[in-house]
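First chain written, first letter: the chains are A, B, C, D and E, and each begins at residue 1.
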Amino acid sequence: ADIKIGIAEALTGGAAQYGVAIRNGFQLAADEINAKGGINGNKIALVIEDEQAKKEEGINVFKKLIFQDKVLMIFGPTLSNSFFAAGPVANAAKTVVFGTSVTANGITDIGPYTFRNSVMESDVLPITVATATKHYKLQKVAVIYGNDDAFTKSGYDVFKKVLEEQKLPVTTTETYVKGDVDFKAQLTKIKGSNPDAIVCSCLAEEAANIMLQARGLGIKAPFIGGNGFNSPKLFEISKLAGEGTFVGSPWSNTNPAPANKAFVAAYQQKFGSEPNQFAAQGYDALHIAAAALKDVKLSGDIAADREALKNALPKATINGATGPFKFRPAQTKTGKPGGWDADQKPFIYIVKGGKFTLYDSK
Amino acid sequence: MLEQQLLNALTLGSVYALFALGFTLVFGVLAVINLSHGAIFMVGSYAALWLVSHLDAPLWLAMLGAMLLSGTLGLLVDVLILKPLRARNAPHLTPMIATIGVGIMLTSAAQGMFGAEVLRFPEETLPAGEFIVGGVHVRALEIAIVAIAFILMAVLFTALKRTQLGRALRAIAESPKAASLLGINVEGLFHVTSFVAAALGGIAGVLIGLDFNAITPQMGQPMLHKGLAVIILGGMGDIRGALIGGLFLGFAEVISKAYLSSQMGDAVAFGLLFLILLVRPSGLFGRVLERKA
Amino acid sequence: MNTPQTLLSIRNVGKHFGGLHVLQDVSFEVPAGGIYGLIGPNGAGKTTVFNLVTGLLAPSSGTIEFQGESLVGLPPHQITHRGIARTFQNIRIFKEMSLLENVMIGMHEHLKYGAGGIFFNSSACRAAEKRARERAFELLSWLGLEHKAAMLADNLSYGDQRKLEFARALATEPKLLLLDEPVAGMNPSEKTLLMEEIINIRNRGYGVFMIEHDMRFVMGLCDRIAVLNFGRIIAEGSPDEVRNNQEVIEAYLGREEEAA
Amino acid sequence: MMEWFNDFWSTYSTLVFSVGVHALLALSIWLTLSCGLLSLANAAFMGIGAYVSALLTLQLGWSFPLVLLTGGIAPAVVALLIGAPVLRLSGVYLAMATLAFGEVVRITVLNLEITGGPEGLNGIPLETEGWHIAALLALTIYGLARLRRSKVGRAFEAIKEDEVAARLMGINVDRYKLLAFTLGSFIAGVAGALNAHFTFFISPREYGFEAAVDILTMAVLGGISSLIGPLLGSSIITLLPELLRSLHDYRSFVNGAVLVLVVLFLPKGLWDPRRFRKWFGKAKGAEA
Amino acid sequence: MSVLLRVHDLAVSYGHIEAVKGINFHLNSGEITALVGANGAGKSTTLLALSGLLRATRGTIEFDGQDISRLPAHQIVRHGVVQVAEGRAILTTLTVAENLALGAYTRDDKAAIAATLAEVYEIFPRLKDRAGQFAGNLSGGEQQMLAIGRALMAKPKLLLLDEPSMGLAPLMVQEIFRTLVEINRKGLTILLVEQNVRQALKIARHGYVIETGKIVLADSGANLLANPEVEAAYLGG
């Protein structure tokens, strides 16, 4: 029998640029798995739904997938916001919900059925900042972030903590909101504070422009970015503006590992465009689930199968496009049993010639 | 830094004004808050991008094409939707709802055709050039935006202020029936206005797309919000108002970001708008009739 | 100075809009129980007087008293509550409402029931509504509009709209009724009918204060008339006095009218 | 059959809840519209209701009925405070001032510690049950229907048509406007509180410009000449995307098209008693 | 005497209420014709149909030998048929001068327009005093003057007047009627709807009496004035 797996991503609306890439990653992985005969002979059938990055829509989609399509598990939603709304639905229905892009704190506090392979900013940023500090001998930095978005804000919170821990003084902290067309006011202020680098917790669409406008104002300081910077396109276009930027990511298109090379090539062939980190994480996520499902005997009783998957998933490991992956139990604030976070070591990249280059610390 | 910030405010204000220009024109003449203006603006961006990257058109030609396409769209919206609504004596909020639908259609069509990811103009299309004047960094593109905003505004303003056409448009805005009794071709002028307003939206889309560098199907949405603030602040349908309102919003935002806190940019801008409306209930240039009975 | 017979007294009232002086030092008194007329050329300031009395505009100077109490500074609805109602020169009925509802709006202040009454549809509420409906019908039939009671006011012809406005004003149960050109747009036979109504109203003890350009109507009805010209009172007195006042003839009546 | 129903309910209960909450919101804006006020503050009021109630639940553990009540009262108090100055504005200027107010509220919530800023509040317990929404909706409809038929409803209508004439009919226009505004904010606040307690999570983004426009759309699409209109409108707007789900990539395009077509062919809204009447009389001749 | 306007079997409805029920009449070139009748008889409805603001459900309107019953309002104005509507239809947010300027919208000879403006100001000096003021702030009578003055600005061939004397002071009414006679003498054809029936019939060559949507009497102005039925119904005995 087919194994029905629900995909709930933002395919339209403001987060569509991420959701569509993620869906592509899943489709690629599903095709690959099915081409190799499926899992223990069962083909994977993706049930793809658009959650529009709206929370009610997320809940509706989850319920439809769980109760009507009776999927074995769900991947998604795209944004942390939606996950906070829809996650509890799946958890209450004892169905695995697996986020591939959600990086906010507290996602896996929702309960034991929540999983993610997206690496939390708190696992990435300390290394990124430390590496950049050493490389540039930073004395002081400026910070800019989007303050109306859960992801960029929580990224900022992590940056803030890291900067405090690493005793790097902050010259000024600036914010913007989604849809701002112009960052020059903030950047002018940053310029006036004369930092050695600019720490930036931003989504890709703003990031490029922030870099371009910074150069336009004559700011020479390099950038240090978070999760949102992980788009190769970003640097292709902002070219020299982004030169010298430090980013940490579990994935890079230039990572020479064979699993990644195969992924990048296959993706390009299938979709005619370059993959990004979010596609890679979606792609890996399905392989992780597949690895777990190999050890699960499907009974046909959906409740039992869902439970079995939940029990098998934490042990799953793969070596995928984002490198070696395994889960680690979430540390919940309340002490109640939580879900599972990604245990993955990020790579640190520096942008050179408009491309991510693995940073070599010698 | 103050000089730089003032320049920043001037560009941002011009960007807002540019967007608001067509928006306020439709509002002033057709008395419709055209919520598809944001989407038409977005279409302008994509159209120019397509012309530049697929047909290798020079930028000026792409702009022209974008204006033509978005203008035509505006005309179609008027002919196919707003006109029948007028003929049916629709309540005044109905056309606005229809334009929301149009906005949704255009946005999803754009995503269908161009995908959801952020697109940018190829670097070589951007007007090159950057100057440093007294420590202030100025880009050619910014000068272009400010200049075009002011020129369009001036042209439109004189066209409407001093001519019979301007009076006719204001007459239509107040009462289409009375206007038609004066021999004014009301429907014809509605069509022309819709075309011009949308074309202005299109060129705004190209310029801002060039400047902001991030073209997405959703790019019109936040502009719509700001644009609405601008035209209300300026006084509905007032061309000068669009410029002054835009500049005001730009300055309020930049100055509060620069000297208060960047968190507060929008709060200050909207808070001020709120307060100004309390003091001047018809916006800065809104005309008030006192007569009661 | 305020005799008990004085209903409305206007003293030294001035009004200007910016530099435009529309009323200057206007004084006159409207006695109780009569019909008082205000005439004068177009733009003389007559409607402005009504706007001041009903609180839509504030006087720039002077005092306005109704039954010995100052009206200056009161909001319009409170002036209505004190017993002044008016009609408008440019008809202002509620077009999207039925005739009956239009008249019932006039009774708003006299419907005494509260939130609880509304929510629980109390008998007091029902009774008050019923009484109001009956009274509204009565007023409408008085003006010959009862068979159109359920019609939307917008569909009335001009003349009927005037009558409706009339009924609506009466519904507020005023002590003084201000009529701004009540017969404009009516034909002579209708005017005669309306004249009778106004006499009726007067006979019931209401005061009537009207602006009108129809001289047959004004002269036939009014006990006293004030004449405004360029914002100043140029004459005041009985119809005959006014009619024969040279200044009034020159500024307002013209000579042919005498003959007509 | 029973099992089918169970599945159906498990799948669509949230949708049904949303219909109810949206109906309340549409009614809340209907109330102000019926008084001639184009107020777009309802999204912000809903947000205030949602945040206040969620915080009371999460931090103080108040009982749900009390939380709902407070969720309505909090925005009503705000409405009372801003009402006097704001309601002097009319038409689009009022719309903009209320939108601006909403924006200030949203940004404030975004920058407060206690509201969780942009990350919002998550882990709100599921408290709302179907009958809560049904009962409150029924109560609201009943109350508004009574109001409409009373002197208050007539006063609203008069104010909507001609404020000056209404004043001169002895109606205290300012007070009635404030009443409509405040009552509307109360309903919106309760709707927000209900919503917060079945979606587990709230964030400032949900209460901005787009939400405000959505609420207006529901009411206008349904038709504002009666109470049925907003109910129909909110149902359609909420259910349409679900009905079109099978269209996948074309879904939102068709959604937009449907909106346009409905408006085009039913310009006075879905529920238009006068149109129904016309269908029975023969319609001839038209205004040019 | 040539016929300038011929109305044949004209019917107009509001929804399913027929307000004008198939009327026939004509206007001779260069004459003043009066249309009188009680409130709600259908006078204004007829005028609105002539100027294209209402669509006829039946019948034809022939102006200068051409059927104009299907033309949009603005083209009818271009043919030279100009209406002073009931309720005046002045543009309240425009100034008096702007209203007048728009009256000449269909003309483009600047010098001639200026001459007409001077004429209008001469007839209504009050408008000149108030030229810069919002028309909405004018007094009722001043608005009426503006409406008439604005119609004259179009240099019409046929002037449709819906109760021009309404709201005007007696002196002004005389002035208006005098003016109408005067401009008529210069060749302008006029259709006059009036409640001031006596005055209207006095200056009209022909008159029609309309009752509940039907024309019930047609005669010369003088004859109608002398007609006892008319006297009883409209002249107030």
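Assume contacts are C-beta pairs under 8 Å (C-beta built on N, C-alpha and C of every residue); 3 or more make two chains touch, one makes a residue touch a chain.
These numbers were taken from a predicted model, which means no experiment stands behind them.
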Most distant chain from chain C, judged by the mean position of its C-alpha atoms: A
Remotest chain, chain D as reference, centres from CA atoms: E
Pair exhibiting more inter-chain C-beta contacts, A-B or B-E: A-B
For chain B paired with chain C, centre-to-centre distance based on mean C-alpha positions, whole Å: 48
Euclidean distance of C-alpha centroids - chain C vs chain E, Å: 29
Where chain A and chain D are represented by their mean Cα positions, the distance between them in whole Å: 35
Touching two or more other chains - residue numbers and ranges from chain B: 108, 221, 225, 263, 266, 290, 292-293
Where chain E touches two or more other chains, by residue: 14, 52-53, 72-73, 137
Set of chain A residues in contact with two or more other chains: 11-12, 147
In the complex with chain E, residue positions of chain C that touch it: 17, 39-44, 46-47, 89-90, 155-160, 181, 184-192, 213, 215, 251-254, 256-257, 260
Residues of chain E defined as touching chain B within the complex: 51-53, 72-75, 77-78, 82-83, 85, 89-94, 98, 101-103, 105-106, 134, 136-137, 150, 154
Chain A residues touching chain D - in the complex, by the definition given at the top: 11-12, 48-50, 52, 55-57, 59-60, 63-64, 66-68, 80-81, 84-85, 87-89, 93, 104, 106, 109-110, 147-150, 152-154
Of all residues in chain B, those that touch chain D in their complex: 27, 33, 35, 81, 84-85, 88-91, 93-98, 100-109, 112, 221, 224-225, 228-229, 232-233, 236, 263-264, 266-267, 270-271, 273-274, 277-278, 281-283, 286, 292-293
Complex contact set, residues of chain B against chain A: 1, 4-5, 8-9, 11-12, 15, 108, 111, 115-118, 120, 123, 130, 132, 137, 139, 208, 211-214, 216-218, 221-223, 225, 253-254, 257-258, 261-263, 265-266
